[in-house]
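Below, chain A partners chain B and then partners chain C, in two separate complexes.
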Partner chain A sequence: MKALKISKLPDDAIRELLLSLFERKKIGGVFALAKTNTHNYAYALITNKELLKNITPTIPLMPANAGKLLSRLTMIEPVSTPIAVVVRPCELRALFELVKLEQAKLDNLLFVSFTCSGVYPTRFMIDGIENKLKAYWENIRTGQILQDLRESCRICENFVPDNADIILTLMGKDNSNESILLIKTEKGKNFLEDKSGQLIEADLELKKIENMRSKRIDEKKRVFADLKTEDFGIKGLTEIFGRCINCHACSKACPVCYCKLCYFESSESEYSSSTLEKELNKRGAVRLPTDTVFYHVGRLIHVGITCVGCGMCSDACPTSIPVFTIFNKTAEHVQQLFDYIPGRKIDEQIPLSTFNKKEFEEVED
Partner chain B sequence: MKGKIITSQNGLNQAIKGILKSLLEKGLFDAILVPTRVPSGESFVYLLIKDKNLIESCTPLPPIMPIQGARALRELTRLGKTSLKILCVMRPCEVRASVELSKLKQVNLENISFMSIDCPGAFILKDYINDPEKFDKLYQNTLKDWEGENIRPSCNICVRFSHQDTPADIHIGKIGMKENGVIIVPLSTQSNELLSKIDIECTQETTEWQTGIKEKLQKKAENRNKAFSELKGNVSGMENLNNFFSNCINCHNCMRVCPICYCRQCFFDSSDEVRIAAENYFSRAQNKGGIKFPTDMIFFHLGRMSHMGISCIGCGACEDACPMDVPIAQVFEFMADELQKMFNYIPGRDREEQIPVLIYKEDELHEYEDMEDLK
Partner chain C sequence: MTEDSLPRIVGFLCKWCSYAGADLAGVSRLKMPASLVPIRVMCSSRVNPLFVLKAFLSGADGILVTGCHPGDCHYQDGNYYTRRRFALTQKIFKELGLEADRIRLSWISASEGKRFVDVVTEFTENLKTMGKNSIKAEIFL
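Let's look at the complex of A and B:
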């Protein structure tokens, strides 16, 4: 496919691309991760092209899943001015799921993404991650999995942004002055039609992608084996969620958990003291607050099919429960049953909201 | 104030368990709400216990406070009073939060009694969960010295760590007591009678304990003044606030674990705040050239401060639950302290005292009436 070759570092190449889109009035804004004036990183909607210098799309952090943020931006109406959105593959997939769930709109959004090597836990932002970047890029070049990345990233297989319009190829690259931006879609082509610069023929770095994918699959096997979900049962669940403080941070951080009022925060989930007293009489003791495991199992059922595996849940957990690992393991099973990869294609319906007359006959009897 | 001094070779928790067992056996209470270690060992939850054999498994004063006790009691009595006579075993700040919540009609105190315990502070939740064994050992020292470097900052500046301003029924004292000494102090005539039913006659002097409290109080008050004066320079003005909260990722966890922040749906999670037209975001971005997402981070914290500041009991649960280690409890306590002083109000100290922002007085705060900049 056609690609734009820009002899600059990846972030600079993206900045140059965006700047040219701005200057040719193709876009009126950019949504991307940016360095803040307090020296942290946060997503920002930027409308002044002078501020593009602050964007840092490849900084390996995800302070929020951008899919969720873009749903905020476009929940009621699509943006009327075209915006270039620079996000990671799982964020894009989350956004696509949210569009299917009628929580976001895609109109006027141009998606720029890259083959993703993962992010560090958000907590790393507290001490700054600048000293981590050398090792990060070194591992991108050599195709190794960094052990201090988010667990979700270490075991992610869907790190190619298939649904982006423009893809920066990073797998196997070093942070060097040669950036290849693949023009994947017609939309991408239209945005770039009168862009000057060197157009070349290029493709995804398939061999390196396969190499990384197989390493991540091995890593996933190891992670899942360590968790021993097979022996879970209610006892295992009680143990692993035992230290849950019922703060529901996992659901707030989850991009696809979109209910404005969660069942578990609604009046439905409030018990009268007499109900609790009955339980007390039956069991001799009652845990308060109640329904800790119920909440997690409920959430598993609700978001399992659309879980994009971004790992925000584990990152937000104040008691370090491996929420992501449990959810991803379950989600994988559910998604395989329906041959569904959430957010892969916009026109692919969420299986739970489509009716097939003929399916799962094996469970009928 | 009189009490009964007992010696417990097996520590404070064991001594309290003995009392709890007797209270249940004699039928003086139907159930006890008390922290208990989770099966996997690395944390604690509140259990409402009826079966007296389960008392042995509880930990009345655990080294951490994963869930503020008032949240547990609220869960039980939010929809109305309980018909059971229940004794809640809590840290002083949890008792105060419970009482404050009752004023906000989120807890029903009928049939509820409180046993508060001298509190040496709690460890930082994340630290403990990472290495429970290490911190269990450290806690033994903390219970002796009544201070320690690993104690949460909010606990280090807490000046209500004993029976002060805590409307409990029975208090268990340990500060200043000789090795293995524990003092049981009834805080009302009813609880005095109650204790005598389990053969605890509270007739001894409490001087040793009171002296211990005085000493600690002085130390903690110094810590508090020092912390607040350091904080003052760091949080005044918009720029400072932005810096202070710069790591905030808008997860709202501080609000969710706060015992006082009880709204079912926070304004900042409601339609008013979440369903905003794209054009609105766009014009806000255009004003400044760009806006951070999610928006309104400082607005959220200031909003929360003005909503619950008068009732903030300084328990530090917010800070424990912050995934980004923002020292949020301290700034809330600092602000709450100023606000509460204005109204001479200490949240949760008295069951009858009304929350100042809920009562109208014609004659108050005249000094603010003529402020030039308010005109």
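Let's look at the complex of A and C:
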């Protein structure tokens, strides 16, 4: 496919691309990670092109899942002027799921993404992520999995942004001043039609991608085997979720946990004195806050089918419950049941909102 | 048999088929174990998986979801959605090591009073061999 070759480092190349889109009035804004303070990075919506210098799209952090943020921006109506959105593959998949759930709209969004090598836990911002960058890029070059990345990233197989309009190839990237931006879709082509510069023929770095994918799959097998969810039973669940402080941070950080009126936030889920008394009569004691196992397993049943595996839940958990690992491992089985990969295609329906007349005859009688 | 040794089943009965089936079993004077606590719902697809989970975690020995046979749903295709949700819930139970055999999905029409009795009896027998739901003994959930 056609590609744009820019003789700059990745972040600068994306900046140059966006700047040229701005100057040719193709876009009116940019949504990307930006350096907001000395040590802090956050997503920002930028309409002043002078401020584009602040964006750092490839900084290995995910302070929020952009899918959720973009859903907030476009839930009621699509953005009125075209916006270039620079996000990671799992964020794009989350956004696609949210579009299916009628929580977001894709109109006027140009998606720029890259073959993703993962992000560090957000708390690494405290010590300054800059210290980590050298090792990060070195590992991208050598094709190794960095052990201090988020667990979700170390075991992620879906790190190629298949649905992006423009893809920056980063897998196995050396530190040369050369960036390749693949123009994947018609839409991407339209945005770049009168862009000056060198257009070349290029493709995804398939061999390096396969190499990385097989390493990640091995890592995933190891991580999933270590966490024996199938042996949990109620004992295991109360043990692992016994640390839960009921802050619901995992649900707030989760891009696909979208309900505005969540049962677990409602007064319906509160114990009235009579319910409490009933529970006490039955068990003789009640754990407070109540229902942590109910909350987590319930949430798993609700979002398992759409879990994109971004790892925001584990990142947000103040008591280090391996929420992501438990959810993703179980979700994988559920998704296999319906042969569904969340965010793979926009026109693929979420399995629970459709059916076949003849299926699952083994569960009914 | 004492009341205590019978398993407790929470049953979600669809108003149009299974609840009427249960009613028919009653007027036909058919006998069945007194193990079922029936809850009438307008459609089996009204049953949020959270209802099933909550009943399970509250110590119900069995949870029975019933509805019209596929193709006969009063709301055209509610029970097809139920079946998918049920398959998903059962899968998650299995993957978390919870006893998935304690939840059951059965289609019972309004004319199948006998079948209603058979389903409840059979499920009760199965649950008896499984013993009490161990969640009852778990205090700090």
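Throughout what follows, the second predicted complex is superposed on the first by the 360 of 365 C-alpha atoms of A that agree within 3 Å, B and C clash if a C-alpha of one lies under 4 Å from a C-alpha of the other, contacts with A are read in each partner's own complex, and residues count from 1 in each chain.
Here, a contact is a pair of C-beta atoms (placed from the backbone, for glycine too) under 8 Å apart; a residue touches a chain by one contact, two chains touch by 3 or more.
Note that the structure is predicted; figures quoted are calculated from it, not measured.
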item	value
First (chain B), second (chain C), both or neither touched by A:29	first
Which superposed partner A:284 touches (first chain B, second chain C, both, neither)	both
Most chain A residues touched (candidates chain B, chain C)	B
Which of chain B and chain C A:74 touches, first, second, both or neither	first
Contacts of A:232 with chain B and chain C, given as first, second, both or neither	second
Chain B versus chain C as contact partner of A:351, first or second or both or neither	second
Which superposed partner A:364 touches (first chain B, second chain C, both, neither)	second
Partner chain in contact with A:263 - chain B first, chain C second, else both or neither	second
Touched partner set for A:207, first chain B, second chain C, both or neither	neither
First, second, both or neither for A:293, with chain B first and chain C second	second
Residues of chain A contacting chain B in one complex and chain C in the other	238, 242, 284-287, 290
Footprint of chain A on chain B - complex, ascending	31, 33, 36, 38-40, 42-43, 45-51, 53-54, 66-67, 71-73, 75-84, 125-126, 129-130, 242-243, 246-247, 249-253, 256-257, 264-265, 269-271, 274-279, 281-282, 285-286, 289-294, 320-325
Complex contact set, residues of chain A against chain C	229-238, 242, 263, 282-287, 290-294, 297-298, 300-302, 304-305, 329-330, 333-334, 337-338, 351-352, 355-357, 359-360, 363-365
Chain A to chain B touching residues, read off their complex	28-29, 31, 34, 36-40, 42-48, 50-51, 54, 63-64, 66, 69, 72-81, 122-123, 125-126, 238-240, 242-243, 245-249, 252-253, 260-261, 265-267, 270-274, 276-277, 280-281, 284-290, 315-320
Of chain C, residues touching chain A in the complex	49-50, 53-54, 57, 59, 70-71, 77, 80-81, 83-92, 94-98, 104-107, 119, 134-136, 138-141
